[in-house]
Amino acid sequence: MSQQFKGIIPPMITPLLSNSELDFKGVEKIVNHLIDGGVHGIFVLGTTGESVSLSYQARRDLIEQTALNIKKRVPLLVGITDTSIEESLNLATLAHESGADAVVATPPYYFSLGQEELFEYYWDLADRLTLPLFLYNMPSMTKISMSVETAVRLSKHPNIIGLKDSSANTVYFQALKYSIDRVDFALFVGPEEIMAETVLMGGNGGVTGGANLFPKLYVKMYEAAVAHDFETIKVLQKQILEIATLLYTIGKYNSSYLKGVKGAASLLGICNNYLASPLKPFLDKEMTQISNNLEKIKVHLKESSLI
Amino acid sequence: MSQQFKGIIPPMITPLLSNSELDFKGVEKIVNHLIDGGVHGIFVLGTTGESVSLSYQARRDLIEQTALNIKKRVPLLVGITDTSIEESLNLATLAHESGADAVVATPPYYFSLGQEELFEYYWDLADRLTLPLFLYNMPSMTKISMSVETAVRLSKHPNIIGLKDSSANTVYFQALKYSIDRVDFALFVGPEEIMAETVLMGGNGGVTGGANLFPKLYVKMYEAAVAHDFETIKVLQKQILEIATLLYTIGKYNSSYLKGVKGAASLLGICNNYLASPLKPFLDKEMTQISNNLEKIKVHLKESSLI
Amino acid sequence: MSQQFKGIIPPMITPLLSNSELDFKGVEKIVNHLIDGGVHGIFVLGTTGESVSLSYQARRDLIEQTALNIKKRVPLLVGITDTSIEESLNLATLAHESGADAVVATPPYYFSLGQEELFEYYWDLADRLTLPLFLYNMPSMTKISMSVETAVRLSKHPNIIGLKDSSANTVYFQALKYSIDRVDFALFVGPEEIMAETVLMGGNGGVTGGANLFPKLYVKMYEAAVAHDFETIKVLQKQILEIATLLYTIGKYNSSYLKGVKGAASLLGICNNYLASPLKPFLDKEMTQISNNLEKIKVHLKESSLI
Amino acid sequence: MSQQFKGIIPPMITPLLSNSELDFKGVEKIVNHLIDGGVHGIFVLGTTGESVSLSYQARRDLIEQTALNIKKRVPLLVGITDTSIEESLNLATLAHESGADAVVATPPYYFSLGQEELFEYYWDLADRLTLPLFLYNMPSMTKISMSVETAVRLSKHPNIIGLKDSSANTVYFQALKYSIDRVDFALFVGPEEIMAETVLMGGNGGVTGGANLFPKLYVKMYEAAVAHDFETIKVLQKQILEIATLLYTIGKYNSSYLKGVKGAASLLGICNNYLASPLKPFLDKEMTQISNNLEKIKVHLKESSLI
């Protein structure tokens, strides 16, 4: 079932016309940009997509528009993360009707659950879903880290087909890899800086935010890691780290990464530079930094024929 | 403006018919129970009301039904906490139309804002609201503690009329009291164990969860604190701590308090023992403990003529 | 046994001649300053005393010199906090030989213990001590908060006579007060901003850092709280909060409080402005702020005849 | 300078005769066990060595005895982590006199420093040391994570020659690798589960606790990673994860890893099963689990000729 899920599945940024309104044309544009870049799937309504900041109307529109524009060229994964399971199920129903291939959910993120409660929540959710479910470990936002034991127990549900880990903790990732006894269970990593090494050590791919900007780079890196091509890995890793360093750390916000991705995307003509409230785009002086840094990055990517 | 807000304003538990469906008759029952107990206001859709776990339909129904049943006998405060400002505003509009007196909002709780971003978020929200706003500091759930400086800056917005602090940190509470230079700015405290002392030191009242069970106890304590009646304070504080100790610490869940309030409320005939997903009611053996402990508490409350 | 411990027991700052060398004459000076101010005891080698930053030679000298200068006029409490129980015991032996009245210890603060391990640690320590022991809850530094249950169990050891809580969480403090069934068990609070309210609610006193600067202010506040004299409490609380606001929050360091107390003490002629490595005194511009703020504070204290 | 530091440098467990007394003969035994296993260096007085729990006498004895037994066969690194810089320097002096090759220090771990203060602390320490210094990032114990920027600035000090990262966060590790512009700056990783992948991605080796038990396994893994020998990596990674899973997670203590290493070492005849206070060895039933699990591990290691 999850065999189809591997490689680079970017967490698609959400194109907006203001700090709340969806940009329908922007959705078409970015979907084509990603597929032209060779990505293996598209994930909407994740953290990078600012899912929980959007109105439900905007979330529903985004699901439909993305499905419409993908036209089944690559798998579509839809985030249904919510504090209310009823609203998660509503989004999942629409995702199914729109032709999505799987849904993705973090733990509920207001009340702090224990591991047993987390297990019961996910098991219940998976029972009630008609699409397969990816678990999404995101402790910095949700205040809870799914234990390896909980993940192992959940991996036995036939409708739970994989896990995306955004903890950046590869000890945890390796423990999952070792402990989950199911060959068709897909393990994806969030942070792009460690996508190569997790694939080298048995991971199935990356949900890499930078692929919104330069999809080919991350696709090539995934392929190099699968092929154990260390010469290429070394070159591309430097470029991936350059992007993370020059674009995601401006301004010392907790959301510098999100502001950086969207700011750079706007300079590359991929979408407007609006973030949904409560986040805001970079200030002008910060955008000047992004602009200058982007020029450096583009020079290096051109040298490697990656743009 | 906020002069009307003082005393005991319980965070009303949400009566349910299942783990998702609102109990309309239950709303009537608990509203009357609280008003009969002498409370000075009612706050729906707070943490104790499991707000973010409810579907939006249930939240809307709850607002309307509560307003309908209060019939303007006491002020109604409505929680509009959300990760999406659009959805907060939708709830606020309905609250206003239903006759509510104020709204209450925690910071957005998925993305971690900085203090400046938090200030801008609240200022923007207050600008767009038609009802007055209470800030709600709830760091254990939202991952952010509003700084004293941010609260001081926000207190200058004419539409922001008070703050409810659930941090349990009274150094913070005293710093707010000292720093906010506006006599009509209302400071409420969350944890009932420290309601008396914060009122003694200048606070305006408490959003005390235990008042769902025994409203008279907390109303009497508020009055004793206002009157500096230490003989009464001493007696009642023992009972308030007995309730917290015997009802809120069973089972070592993060949500032992919520399970305890609702479990005890069901035994007292106030509402059913359903919690909204992802939380669940206490197990049978835990309910046996609650039942036994409740008997002890009732003996003591009867001795003080508080039930 | 602990009946003798009540009131204001300042956590004495450690006078230094450099960032590591003890100022023997400074010890005499500050001891007399505190006793002249009416304090009910002196606590050396606490957090405010920068205990763990000092060499063991300096710690030993400080114990001996303080005892020598106190001359039994008030009780002496000695901090023996350490990650090595052997070194704690060495300090305790010297404290006893020097004439100290009790010792004080936080949990070990490198390895994170569980509650059962914490209980065993303290029980073992108390067994091996010849002086009575105060528990010291200091979660921000030690990464562990002693549970109420652990404190209750430890309160049954005949050699454990009290607890100092620096958590700032008065829900916790009230739970201790309610749960510890021993009239001669002394509960002290750390943060001076909440000393009055904890004494009003049954606490035994405060380990107030500001008493290094203005001992009379905190002694008067303690007396006012014991007497339920709210007129005085209101006036003094404003001054106590003014001190905390104007002296302890400069420069946004984690150690702004420590830098502020020592900086102000140096301006008041109480001791030199050296902090032990790794901390450093305020920069010149920060000292200018402290100096200006101190003038304001002194005007208000003079109006109340407190200096 | 740091060219000599690479490969497997185990954080040596400290052999004890009780919960406080050093086992001199045990030191000889384990030193030879490690060197016979092919390790590239030995690190004493780290977290695994329970450094901060030992009396200073025991620490001094351990430094001397280890140096005496190594007889310059491999480099010796000595932990000088302390809350008092004076005591760190005392240990460093003895380390130098005993013939150690480098010292290692975490940040001070009682007071929480800011990044600028952390920079100044380490720069000052490096200035005053006569041996080269390894930085040691250990946020779970010290409450502070050294920022990449701080590490970059510190890497410019000629006496700071490397960094050991125990954060388990490989995004951080990759950022260090990318940002530190000095070829002879050695980057070591703590958790053994991710040693292979960090070496594949440019790391210099591992400070792997499990090497106390099975040094050859980790040495072979290091060599396989350097050689990009994925067939071997796959086999050994499974064994490394089996050890971590079966030996380090018994009993749900924060210190399960430490208890597990020492418990297993005692069963393997490497040293006694004493931990320094405040930690304690596993209970009997937990040791039974360790014993059973160890048998499974040994079967697998024998199959691979690693014991």
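Chains here go by letter, A, B, C and D, matching the order in which they are written, and residues are numbered from 1 within each.
By our rule, a residue touches a chain if its C-beta (ideal position, glycine included) is under 8 Å from a C-beta of that chain, and two chains touch if they have at least 3 such contacts.
Small disclaimer: the values here were computed from a predicted structure and weren't measured.
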{"item": "A-D against C-D, pair bridged by the larger set of C-beta contacts", "value": "C-D"}
{"item": "Chain A-chain C separation of Cα centroids, rounded to whole Å", "value": "49"}
{"item": "CA centroid of chain C to CA centroid of chain D, Å", "value": "36"}
{"item": "Overlap residues in chain A, where contacts from two or more other chains coincide", "value": "none"}
{"item": "Category of the chain touch graph - line, ring, star, complete, other", "value": "ring"}
{"item": "Which pairs of chains touch, using the document's own definition", "value": "A-B, A-D, B-C, C-D"}
{"item": "Chain A residues within the chain D interface of the complex", "value": "168-172, 174-175, 177-179, 191, 193-194, 196-198, 200-201, 228, 230, 237-238, 241-242, 244-245"}
{"item": "Interface residues, chain B side, partner chain A - complex", "value": "20, 47, 50, 52-56, 58, 83-87, 107-114, 117, 120-121, 124, 140-141, 143, 253-255, 258, 276-280"}
